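This is the structure, below, for whatever I ask next.
A, B and C label the chains in the order they appear, each numbered from 1.
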Amino acid sequence: MKYLNRVKLLLTTLTAILMSVTFAAADLIPEIQARGVLKVGMAESPPWQSPNPSSGEYEGINVDLAQRAADLMGVKLEVVPATWSTLIPGLSAKQYDVVFANLFATPQRALVVNFTDPYSTYGFHIVVNSGSSLKSLDELNSSNVTFVGMSGTVEESYPKELYPSAKVKGIATNDIAAWIGEVASGQADAAFLDPGTFKILTTQNPALGERLKVLNGEDELVKPVGLAYAVRPENTHMLQFLNTFIKDFVRNGDHITLRDQWFEILAKRN
Amino acid sequence: MDWSVFTEFDFDVISKYLPALLNGLANNILLTVFGFLAGGIILAIPLALASLSKYRLIRWPTIVFVEFWRSTPLLVQAIWMHFAFPVMTGLQTSPFQSALIALVLNVSAYCCEIFRAGILGVPKGQFEASFSLGMTKTYTWLKVIFPQALKIVIPPLIGTIISIFKATAILSVLAINDVMRAAQRISSYTFKPVEVYTTAAFLAFFVGLMITLAGQAIEQKYRNKGGRLSGL
Amino acid sequence: MDYNWNIVFRNYELLMQGLAITVQVTLVSVLIGFSIGGIVCAARLSKKKLIKNFAIGYILFFRATPEMILIFWAYFCVPMIFEFKVSGFWTGSVALGLVTAAYLAEIFRAGFNAIPIGQLEAANSLGLKFYVKWRFIIIPQLMKIMIPPLFNYFTELLKNTSLLSGIGVAELALQAYLLGGQTFRYVEFLSAIAILYFLMIFPLSFISRKLELKGVN
C-alpha cells in the first residue's frame, strides 16, 4: 500500500511539474519580462509602421503603441522587420512574440493566429483616374474596370469581393506610389485607398493627386474593417493583456489621436 | 508626352533622400564583394575540384548542384531560400541571410564552371612534365597548374563581378536594405516615383559603369600577359 | 512536414499560363533584341565617331545597369511621361529587349571581327555579289562563332523574365509566389517552378557549352 501511495505521489508531482512547465511555456509575459525584450514583428506600411527612409528606424502609430506595451511590461522594444507574406509565418515560427501592424483580421489568417480585438477601424475611398468616365460606385461592377492592389492585401481581395465582375490586378511591390501611380497614369481603372494615405499623397505630391478622382467621400467609406494585432494561439495571457491594453487606449481615444497625428506628420514631412 | 514630369522634377526630394539611396547602394556593393569572395572564390574552387574528382560519388552530386544553381533564376532561388527552405528544415533565416545564401550559392555555381574551364584549359602536358620532373601532386597543383589556370580564369571571373552587382538588385524582393528597397520606401513616403526611381537608376548605373570599366582594364592587362606559358 | 504535391497538379493550368507568359516575354525580348541589336552593332562598327560613341554609350548603359531597376523604372515612370496605357508585359519585355539588344550587339560585333579579313578581300576580288557574300561566307562563319554566346545569353534572358514578377506580370515565378502565398505551400510550388525553369534552361546551357567545345577544336 505504501508503495502504491509513493507511486501516486510521484505521478502527481510529475504531472504537476509537467503542467506548470507547459503553462509556464505558454505564458509569454513572464518569459518576455525575464528576457527583458519584447520582440514585435512588423511589416512596412506607413504611417502605421515603417522604417524611416533616412534613419532606417521604425516609426509610426503601431511603433508608438508597441513602445507603450513594452513600457508597461517593463522591457525594451525590439522591432523585427518582416514582409507582409512572412509576417504571420514568422509569428508561428517564433521569430517574434507578437505582431503589431495594420492587420485585417481575416478568417484565413485566424486559422493560424489569434487576433486581438480591433484597435482601429478604417474604410476605403475608391479612387479612379481623374479623366475617367466613372462617377459612382455602382459603375465599378463591370468587366471593363480593372482594380489594382498589392498582392496579399485587402486592397486586392476586397475588390474581388465587392465587385466580382471587375478585374483585379495584383502588384508584388511594396511601393504604394507604384500601384496608385497605375491609376494616375491610366494603367488601371480603380483602386481601394484609405483616407489617411490619400491625404498624405495629395499633400506630398499634388500633381499626382490631381490625376486621381475620389468616388466616395469620407462620410461614405467602403467596407470599414477592424485592424488588430496577432499572437500565437497558445499565448492566451498575452492575448488578454493586449486586449486590455487596446480597450484602454481606445477608451482614451488614443487610436484616433495617434492616427491623425502620424498621418499629419507624414503628409507634412519634407 | 507629359514632360512636366521632368520639368517639375523635385530635386529637393532627391537631395533629402540621397543619403538613404546611397546607403542602399552601399549594401548592394557590400553584397557584391561578399558574394564574389565567398561564392566566387572560396566556395567555387573546391566545387570545381570536386566536379573534376575521379570519384563519381563526389563528382555527380557536385555537378547536379552546380547545374541546378546555374539553370534557375536568382529570384526563384532567393524566394525559395526564404520561403521554402524554412518549411523544409524548420530553420527560418532572416531576409538578409536568405538573400546572402542564395547569392553566394548562385555565384559559386557560375564561378565553379569558370574554374573548371581554367583547370581543364591547362595543357595536359603540364601534368605529365611536372610528374616526370619528380614534382609531387600537391606541388604540381600549387606551383604549376594553378598559376596557369589563373591566367585563363581571371578575365571571365572579373566579368562576373558586374553580373553579381546587377544580381544584388534582384535580392530587393526579400526586403533587404538595398537601393531598390530604399527607392520603394522613399517613393511610398513621398509619392514621387519618377524622381526616386530615376535617381536610383542613375546611381546604380554609375556604380555599374565603374565596375565595368575597371573590369575591362583588368581584363586587358591579363589578355596582354596571357597566352604565354610564363610563371613556371 | 507534410507535403501536398497534388496541389501543384490541381493548379497546373495557372502554372502553365505563367510558363506561356514567360516564353512570350522571352520571344518579344529576343525579337526586339535582334532588330535593335543589329542596328546598334552597325552603329558600333561605324566609322563616324558620333554614331560609334552613341552605340558604345547605349551598350555600356544597358549592360551596366541592373535589369531589375530598368524594369521598375520603365513600368512606373514611362506611363507617367508618355501618358499612354501600357501593360507590364510590354514595358517589361521592351526593357529586357533593349538590354538584349546591347548584349547581342556585342556578340554580333565579336562575330564580325572574327571573320578573317582575307576572306572578305578574296570574296570581293572574286567579284561576288552582296547577297552571295553574305549568305555563303559571312553568315555561316558568324553562326559558328556567335551561337555559343547567343545560347548562353538566352539562358540569362529566360532567367531574367522572372524579374517581371515585380511589376505584376503573371509569369511563372509570380504565379508560384502567389499560389504559394494563398495556400502556404511554398515548398511545393517553388520547387515545381524551379524544376520547370531547369528543364527549359539546362538544355540550352548544355548545348551552348558543347558547341563551344566543338568550336575550340
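In this text, a residue touches a chain if its C-beta (ideal position, glycine included) is under 8 Å from a C-beta of that chain, and two chains touch if they have at least 3 such contacts.
What you are looking at is a predicted structure, and each value in this text was computed from that prediction instead of being measured.
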Far-end chain from subunit C, centres as C-alpha averages: A
Distance-to-centre winner among chains (Cα means, whole assembly as reference): B
Chain pair with more C-beta contacts, B-C versus A-C: B-C
Subunit A and subunit B, separation of their C-alpha mean positions in angstrom: 36
Chain centre separation (subunit A, subunit C; CA means) in Å: 40
Inter-centroid spacing, subunit C versus subunit B (mean Cα positions, whole Å): 19
Where subunit A touches two or more other chains at once, by residue number: 85, 89, 172-173, 175, 177-178, 181
Subunit B: positions in contact with at least two other chains: 83, 173, 183, 193
Residue list for subunit C, restricted to those that touch at least two other chains: 72, 76, 80, 83, 165-166, 177
Residue numbers on subunit B that touch subunit C, as the complex places them: 1-3, 5-6, 67-68, 70-77, 79-80, 83-84, 87-88, 162, 165-170, 172-173, 179-180, 183, 193-194, 197-198, 200-201, 204-205, 208-209, 211-212
Residues on subunit A engaged by subunit C in the complex (per definition of touch): 85, 89, 151-152, 169-173, 175, 177-178, 181-182, 184-187
Of subunit A, residues touching subunit B in the complex: 44, 46, 50-51, 53-54, 56, 81-83, 85-86, 89-90, 93, 95, 172-178, 180-181, 200-201, 204-205, 207-208, 266, 269-270
Touching residues (chain side subunit C, partner subunit B) in the complex: 1, 60-61, 63-70, 72-73, 76-77, 80-83, 155, 158-163, 165-166, 173, 176-177, 180, 186-187, 190-191, 193-194, 197-198, 201-202, 205
Subunit B to subunit A touching residues, read off their complex: 4, 8, 12, 16-17, 19-20, 23, 82-83, 86, 92, 95, 173-175, 177, 181-193
